[in-house]
Structure formats: structure tokens, C-alpha cells
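Some structures to go through are shown next.
Below, subunit A partners subunit B and then partners subunit C, in two separate complexes.
Let's turn to the complex of A and B:
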């Protein structure tokens, strides 16, 4: 038995779905958080012995889709024929929501209406006559509060939905039999439908506070959406998030955790004392050391997830998107591009998927292409490692990394605008501003734990396997003989990574160890840290205090043979090259265009390479008074990239011109 | 061109366009203003033309169509916040100037 959850954006579908299934799907206080359908079994306490699957769908305002994610919903309820529909209605906006409700009722599928957010109505003194509404709609109506754990009305509502399965829904309002291609007729029908809805609302709803009246929230909005203050506040908020997670609270917890990891590593090494040295190296250094190096950074990531969850929960995101719209529009993106960027600080994959809510195809693809320039949670260990080892744990490193990521997004967007010969096309921006909500600490904590679990699982699977493979590959040569000390360059790993290392010489880090780490980074970015830990036999990178006292940071720096300048170049190279394969996969499915996908990967490669080149060469020029090694070859490589981009641009523009030419011909023919 | 002249020219074009469109003889162009030109307050929507049918239809489904009230809460140079039905929305200048009240 399948029950579909459908309703307007930000009515609380996913919150209800999570409450009923026990899942922790992403929720947030803005329209368009859910961009794909998800399904899972209802909890036993709701379903009893039956197997009931709840299907969570993206929000939609009607059956006719406007953005790609809305299409998923109408397509599902039309073609997948669920056994029942739970229509989640934002009780604070009945007058808009019932339009979609009446459309859903026409499908003939048994339906229950959940008047969600009823607590907000109670607070504002808005009353809805449930009995009357139910009679008018010809279907059961329940008041629900998905955010509450008790007395939330969910069990009665879902029990009713289950009991209705197999019956047939009678529609209270049926659209007249019209030609759906006749715009005027459709328009007239929709007007009639709204009239019907308005009639119901007038009868069942009494409001103490009218929506049109200016309220306290409007005063907050006035500040947050002010073009100057709003942008400064956004910058401040993001600075605070990064500072707390990566310079203050995060490292504090991490220091404490690293002690335990080291103790564990020593314990494992002790246990293996009598076993062959290879096994001991593999287990203690390779697996525990490599995975431990990654897990040690978990607190930084967790604090960040916690703070971002609070931001997403309070209703701020919609305001940011509104205030950033004019700036983003200038470079050919949309205000909605902000949301993927913020989500991207956690993980690039949901960020790329969040681009679906952008309606304009070009804006959507450009955002998909650029959003991963914002360092994700998996890149935090990389940043923290380099900040700790080369810059005394300086907070400016991570702040610069994020800020520079934003700069690259803007520059990239400008480049895309120029290359595609962006012709002026109307691109509208409309964003619902949800009511503010005090963010729930409990919810943020749950989201944080969920992401932390995923992080640990990833460390224990993908990262663990990669580290093991790297460890084996560097221990043996092609004849499967153990590599002797001093002959590390003969290992399998060295011989595979060396050709790539040559390409990196103009960037200042042309050694196979660093090349290998960058390559494994494409599997998962945490691998950069894991691999470095394995190939250099280093652990406990971020024990800042200890490093400072013992000069251990220098040891790390010396072992890697990098100066501050090359370290920064290497760090930025890893941050701004293409994301991990999983994120590239997400890009592929969102763009649905091979040309765009390859341009995206190409652009990211070029960006990472160019940024690293400039930092290394000019950094060396400033610190040592001369350019670094292989300046000219690097310059040639970049010149080649520029030429390729110009050629692509010409080709695209030529095809544009050809199109316009056709149009002109068509017009003259008609004339 | 100074900005006053630009506005003048814009409104000129707008009226010119409307004369070809409207058949209503009681129509008085001086009454027509876009959301961008009005002070905060509640207005009845006269006409919406974004020149993008899907966008018009989308606005319709939010309850934003001719004959319905719309409230401007606040206005800035490049954006405004409005109330349609019981929801608040932020609109950019392009969209706001396509809604005539």
C-alpha cells in the first residue's frame, strides 16, 4: 500500500514524512527543499501489521509544473496511482493551498487533508472550521502539527488515510470538459476554481490577524533584505559559521578527539608488536592512521552541519536568496543560486540537486557547474590539515578558502555568460518568504548526528578501502616485492602517479605523493588527507597545541617538502578542481547534457590549475624574488586552455547567429 | 540620458503599447501603475503581462491574477515584498513591473 504526500512547497511534507517513517530526510524552512521523491515504510505504531509505504514528493502549487521538481509531483500522482494521498495543507495559507487540493481531489484517489502548522494558526488566532471544510471538500480533514512529538494529530490522520485505501474519491469541484490547449478556456476554468476555493475559505476561516497587515517579521525582513545591510549580515553570518566550526569550537573538540585516536592507534600497534612489520604498517599506519586522520576532523564538520541546520530551519535562506538576487543576476545566475551554495558547504551532491528549483535552464546549468567551488564538508579536513601544518592553524586559511570559492563562482558565472554569448532573456525572480521560526536545537542536533553517521560510514568504507589500496600500492612494486627503504620511487603507486606529477611541476608540487593524494581525492575529498597520512606516515595533523609546542607542524611541512606558498597552491588546487565522482554523477543527472557536463569538468580543472599556478608562481615571486620552476610551460598550458575556451565560445556564438539568421529568414518569408 | 528622461520614455512606451491593446474606451492611462511605481498598500490587480505564458500561469496559481488584491509591504529599487493571498513573496523589479494595478 502506497500513500503519497503532496502539497504546496514548504507546507511541511518532509517533516511529516520524517515523523511517520522515522527517517531524517532533509528539511528546511523555505519552499523547494525536497527536489526528488523518496519512499519508506511507515513506523509500526502507525501502520500496524500492514506494510504501508509513504512517498514524499516535492512541493507543487498545482498540477501544471513550473519548475522541474514540481513536475515530479504531478507526474507521480497522475501515473503511479498511489492507494491514497495525504494532501498537506499549510493551514496558515489555506486560500492558496486549496487550489491544488481541489485538483488532487479530481484524481479519484482517496484523500485526506492534513491542516499542518495548526500550532501557528492557534498562536495567531486564525480558526478553521474543520467539520465544515471536510464537508465542503468531500474528504476527511485533520489538524496536524508535524514538529510536535505528541498530540500532533498524525496517527488519527494516517489511520484514516490507510482505512480509505480501496475506496473512490468524489471530487467537490470538477473542471469542465474544455480544450486544454485553449488558453482562454483554461484561464476561465482556473478562475472558476479559485472562486470555488475563495467561497470555501470565506466560510470556514476566521482570522484575527490579516496577512496584509505589517507585522514584526516585516521589520526584520526590511533589514535582512536591505541591499547593503542584508548582504553585510549574510557575510557576517557565514563568517560566524565558518569561524565557530573551523577556528574555535570545532578544533577545540577535535583536539580532544585526536588524543583518543592516537591512543587507539598506539594500542593497535602494541597488539601487533609480534606480527610481521608489513601487517603492522598496513593496520596501524595505513588503516587506523589514515582513517583516523579523516575522522579526527569530524568535530569541525559536525559543528558546521549543526550551525547550517539552524540557519536552514529559521527561515533565513529565503531572505538571503532575495537579497542576493540582484548581484547574482548581474553575472547571469539567479537569487536562487544562493541556496545550492549554502547547502554546498555541507555536501556538493544535495547542493547540485537543489539547483532543480531554478527555472531558467541556463541559470540552472551554470549554478550546477559552479556550486562545488564552495568547499564542502569533505574538504574541511584538507583545509584544516594545511592550516594546521603550514599556517599555525590560522583561521584565515579556511575563511579565505570559502571567500575565494565565492569569488570563483562569480568569475565562473561571468565567464559562462561571455562564452555562451548570453543574449538578454527575461529571468524573473519570485521567492516565498516563509514565516520565521525559532530554530529547533533538537532538530539541528539530529541532522548533525545523521550527517556525522554518514561521514563515519564513509570513512569506514570508501576511505578505508582507498587507504588500504594506497598502502598496498606503495608497499609493493610491480613484481609484488616489498619496496626497500630508499627506493620508494619504484612502488606501484609512485609509478602510476609520477606521470601526473609532471603536469603539476608548474604548480610547485610535482611529486608523486602529492599527485597520488590529489587523484584519490576524486573518489572522496577526504582521501587527500588519508592518502597524505599514508604516503608520508603522518598522523595527528591537527593537534594544534602539540604541533606548536613540539614544532611538529614543521615536521609535517618538512616531510612533505612544501613551502607555505606551495602548500597553499596545493590546497587550493584540491579545493577548486572537479568535485568527487559522486558529485560529478549528480552534475550529470541534473544537466542532462554531455556538452555542459564536460564543459563543467573542464572549467573546474582549468580553474584549479590556474589558481594553483598563479599562487605558486606569484607567491614565489613575492617571497623569493623570482618565479617558481617551470613558469613558461605552465603559462603555455594556461594559454592552451584560454584558446580552447575561446574556440568553444566562437562555436557556440556561431550556432546562435545561425539560429537568429534562420529567424530572420522566416520573418522575411512571412512578410 | 538622465533618469527622469528614461522614466518618461519608459512610460511613454508603456502607454503606446497599451493603446494598441486595449479596447476599453473608459480606460485612463493615468490610473495605470506597475507594482514598482506604487506606495505600500493594497491594490487590485488590473493586468499581468510578463510576456512569458508559463510565468503568468505560475503567478495565477499563487492567486496573483487580475481582479485579485495584492498588498505591497515594502519596496526597494530592485525588489519588493508583496502579500498574495496569505503568503509573502519577494519579487524582483522585472516581475514587479509586469504587474499592473
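Let's turn to the complex of A and C:
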């Protein structure tokens, strides 16, 4: 038996689905969090011995889809014939929600209405006559509060939905038989339906707070969504998040953790004193040291995720989307491009997948191409390492990396706009601003722990294997002889990384160790930290004596032999070159076009290289009065990359021109 | 070969074996990104696809 959960965006479908199935799917205090359908079996306490599958569907405002994810919902309820539908209605916004409800009731599938968020109604003094509403809709109606563990109304609601399976649903409102291609007829029919819905609402709902009155929330929104104040506040909020996570609380906790990791590494190395050096190198340096270096940054990442979860839950991130929307549209992206960018702070892959909600093909591909410029969670250890070792743990490094990523997105979007030419379709971004609420510490803690678990899994699998391979490649030469001290340049790793290191000379860090770390970063960005730990024999990226990230002329900075300028160039190179292979795979599946994919990789490579080149060369000019090493070869390398991108872009432009011409011809024919 | 070396060799073999096994099993289940911070929360559609295969139906 299958029960579909359908309703408007941000009505609490996934929260209810999680409560009924025991899953922990991503929820958020904004619409559009769910972009695909998910299925799982109901808990026994709700379904008894029967096998009941709950299907969580993306939010939709009507059966006529405006966005691809709305299309998933209407397609599913129309064609998959679920045994019952649970229509989740936002009880705080009844008139808007019932439009979709009346359309679902027309399908003839047995349906139960869940008046979700009823606790908010109780606080605001809004009363809904459940009995009368049930009679008007011809279906059972239950008050539910999915966030409560007890007395939430879910058991009764599910029991009723199961008992209705096999019965026939009678619709309270039937759409007239109209030509669905006739826009005027469809509009007129929609207005009739709204009249019907408003009639029901007027009879069943009594409100104390009227929506047309300006309340405190509206006043806060006026400031937070102001084009100038909104951006300044967003910058301030992000600075606070990065400062707390990477300069204050994060390092404080990390210091405690690193102390244990170091002690354990010393213990392992001590136990292996009389064992073959290769074994000690692999176990103590490669595995414990390399993985420990990555795990040492876990508290910083956890604190950041906790704060981001609080921001999402209180409803602030939805306001950020509203602020960024006009700017994104101006550079040729969709307003919807904001959502992948916000999600990208956590991980690039779901951010890329979120691009599928963008209707226009060009905008979708452009967003997919650019969204990974936002530093994801995996890049946080790299930022924290360099900020700590070379900039006294300054919070501005993370903030600069974040906002510079946004600037690169805007510049990249403008470039794509120039390459692909004009658009023939306007794009719209409709997003409901959710109510502000006190963020749930429990929710944020759970989100943080889930992500921390995933981080540890990654460190204990991918990072561990990579560090072991790096350690082996560094220990042996091509004849599988152990490399002698002082002859590290003959190792397998050095011989593979050295040709790449030559290309990095114009960027100021043309040594094989840094090249090797940047290459392993394409497997997972945390690998940059792990590999640096292995190749330089460092673990103490966080200073246990000073209770803070290592700063100034410390061991890490001295061992790497980088100046602040070259360190910044290397950091930005790792942040803005192509993301990890998994994210590139996601880009491939979303773009579905080899030309676009290679353009994306080329653009990202060119961007990372150019940014690092400019930072190094001009940074050296300002600090030392002359350009850095290999200025002219660097310019030539950039020119070659630009020519390659132009050649690929011209091919793409040709296909776009053909498409635009077809559209123009079609418009002329219609006229 | 002393006891510490034997234990270290066994530990090293076990660590690498279990890490590799986890990666291979995840790949077989269809996961494209191992240790993605969104994998457990289900937001990552790659992971959702993998879960669907191993689900109850």
C-alpha cells in the first residue's frame, strides 16, 4: 500500500514524513527543499503489521506545474495511482493551500487532509472548525503538529488514511470541461475555484491576526530584504558564522581534539620504534597523522554547520534568497540560482542537483557551472589551515573566500551571458517567505551530528586510502626501493607531481609537494590538508600550546616555505579550480552536454589559475616591488586557456544561435 | 619480527581492508559521493537513489 504526501511548499511534508518513517531527510524552513520524490516504509506504530509505503513529494501550488519539481508531484498523483493521499495543508495559510486540495480531491483517490502547524494557529488565536471543513471538502480533516513527539494527531490521521484505501473519493468542486490551451478559460476557471475556496475559508476560519495588517515580521522583512541593508546584514551574519566557527569556538574545541590525536600518534610511533620504518611511516604518519590532520578540523566544520542550520531554521536564508534574486537576474542567471548557491555552502553536489529546478536550459547549465565557486564544507579545513598558519587565524580569510566566490559567480555569469547571447524567455523566481521562528537547537544539533558523522566516514575511508597511497608513493621510488633521506625528489609521488609543479611556478608555489596536494584535492578537497600533512610530516595544524590555530612564523608556515602572498594564492587556487570528481560527475549528469561540461571545467581551471596568478604576481609587486617568478610564462599559459575556452564557447554559441533563430521563426509564423 | 610489528601489520591490513570494503559496498549501492555531508540527511539525490535500491520494496 502506498500513501502519497502532497501539499504546498513549506507546509511540513518532509517533517511529517520523517516523523512517520523515522527517516531524517533534509528539512528546512523554506519552500523547495525537496526536489525529488522519496519513499520509505511507515513505522510499525503507525502502520501495524501492514506494509505501508509513504511517498514524500516535492511541494506544489497546483496540478498545473510551473516548475519541474511541481511536475514530479502532479505526474505522480496522476499516473502512479497511490492507494491514498495525505494532503498536508499549512493551517496558517488555509486559503492558499485549499486551491491544491480541491484539485487533488478531483482525482478520485481517497484523501485525508492534515492541518499541519496547528500549534502556530493556536498561538496566533486562529481557529478552524475541523468538522465543518471536513463536511465541505467531503474528506476527513485532522489537526497535526509534526514537530511534536506526542499528541501530534499523526496516528489518527494515518489510521484513517489506511482505512480509506479502496474507497472512492467524491470531489466537492469539479472543474468545468474547458480547453486547457485556452489561457482565458483556464484563468476564469481558476478564479472560480478561488471563489469556492475563499467561501469555505470564510465559513470555517476565525482569525485574530489579519494578513493584510503590517506586523512586526513585515517590518523586519523590509530591512532584511532591502537591496543594500540586506546585503550588508548578510555579510555581517556570514562574518559572524566564520568568526565563531574558525577563529573562536571551533579552534577552541579543535585544540582539545588535536591534543588527543597528537598523543595517539606519538603513542603509535613509540610502539613502532623497533619496527621497520616503512610501517611506522604508513601507520603513524600516513594514517594517524594524515587522517588526524583532517579530523582535527572537524570541530570547525561542525560549528559552521550548526550555525548555518540555525540560520536556515529561523527563516533567514529564505530572505537572503530574496535579496540576491535581483542581482542574479541582472547578470543573466535565474533568481532560482540563489538556492544552489546557498546549499553550496554545505556541499557542492546537492547544490548542483538543486539546479534542476531552473527551467531555462542556459540558466540551469550556467548555474551548474558556477555554483561550486562557493567554498563548500570540504574546503573549510583548507581555508582554516591557511588562515591559521599564515594569517593568525583571521576570520576575514573565510569571509573573503565566500564573497569572492560570489563575485566570481557574477563575473562568470556575465561571461556566459556574452558567450551565449540573448535570452528569449523571462525567468521568474517565486518563493514564499516563511514565518520567522525561534530556531530549534535540537534540529541544528541533529543536522550538525549527521554531517559530522559523514565527515568522519569520509576521513576514515576516502581520505585514509588516499593518504596511505600518498605515503607509499612518497616512500618508494619507481624501483620500489625506499627513498633515502634527502632524496625525496626521486619518489614516485615527486616524479608524478613535478611536471604539474612546473605549471604552478608562475603562481608562486611550483614545488611537487604542493602540486601533489592540489591533485589529490580533486578526489576530495579535504585531501589537500591530509596530503600536506603526509608530505611535510605535519599534524599539528592547530597549536595545542597556544589554544588557537597556529599563527605567524610558525612551524607549519616555515616547513611549507611559503610567504603570506603565495599561501593566499595557493589557497584560492584550491578553492576556485574545478571541484572534486564526484561534483564533476554531478555536473555531467545535470548538464547533459559534453561541450558545456568541458567549458565548465576549463572555466574553473582558468579562473583558479588566473586568480592565483594575479594574487601572487601583484601581491609580490606590492610587497617586494617587483613581479614574481615566471610572469611572462604565466601570462602565456592564461592566454592559451582563454583561447581554448573561446573555441569551445564559439561552438556553443553556434548551437544557441540556431536555437534562437528557430524560436524567432516560430514567433514570426504565429504573428 | 616483534609483537608490535605483527599487531601493526594486522591493524594496517584491517584498516585498509575495511575502508576499501566500505567504499566498494557504497559504490555497489549506487552512491557517487562517499561521506557527502548531505548523504545521511537525504538531500543529496545521488544518495537518495542508492537508498531506494536498498529500501524495503
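Throughout what follows, the second predicted complex is superposed on the first by the 580 of 671 C-alpha atoms of A that agree within 3 Å, B and C clash if a C-alpha of one lies under 4 Å from a C-alpha of the other, contacts with A are read in each partner's own complex, and residues count from 1 in each chain.
One rule holds in what follows: a contact is a pair of C-beta atoms (placed from the backbone, for glycine too) under 8 Å apart; a residue touches a chain by one contact, two chains touch by 3 or more.
Fair warning: this is a prediction, and the values are worked out from it, not measured in the lab.
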Partner chain in contact with A:365 - subunit B first, subunit C second, else both or neither: neither
First, second, both or neither for A:41, with subunit B first and subunit C second: second
Chain touching more of subunit A, residue-wise (subunit B, subunit C): C
First (subunit B), second (subunit C), both or neither touched by A:143: neither
First (subunit B), second (subunit C), both or neither touched by A:94: first
Touching partner for A:279 - first (subunit B), second (subunit C), both, neither: second
Partner chain(s) touched by A:160 [first = subunit B, second = subunit C, both, neither]: neither
First (subunit B), second (subunit C), both or neither touched by A:13: neither
Subunit B to subunit A touching residues, read off their complex: 42, 50-55, 57-63, 65, 69, 71, 73-74, 76-79, 81, 83-92, 94-95, 98
Complex contact set, residues of subunit A against subunit B: 61-62, 64, 66, 92-96, 99-100, 183, 187, 190-191, 194, 211-212, 214, 218, 221-222, 225-227, 318-319, 322, 325-326, 329, 335, 426-433
Touching residues (chain side subunit A, partner subunit C) in the complex: 23-26, 33, 35-36, 38-41, 51, 53, 271-272, 274-276, 279, 282-283, 287, 305, 343, 346-347, 349-350, 353, 377-378, 447, 450-451, 453-462, 464-465, 468, 524, 582-583, 585-586
Subunit A-touching residues of subunit C, taken from the complex the two chains share: 2, 4-5, 8-9, 11-12, 15-16, 19-20, 22-23, 32-46, 48, 52, 55-57
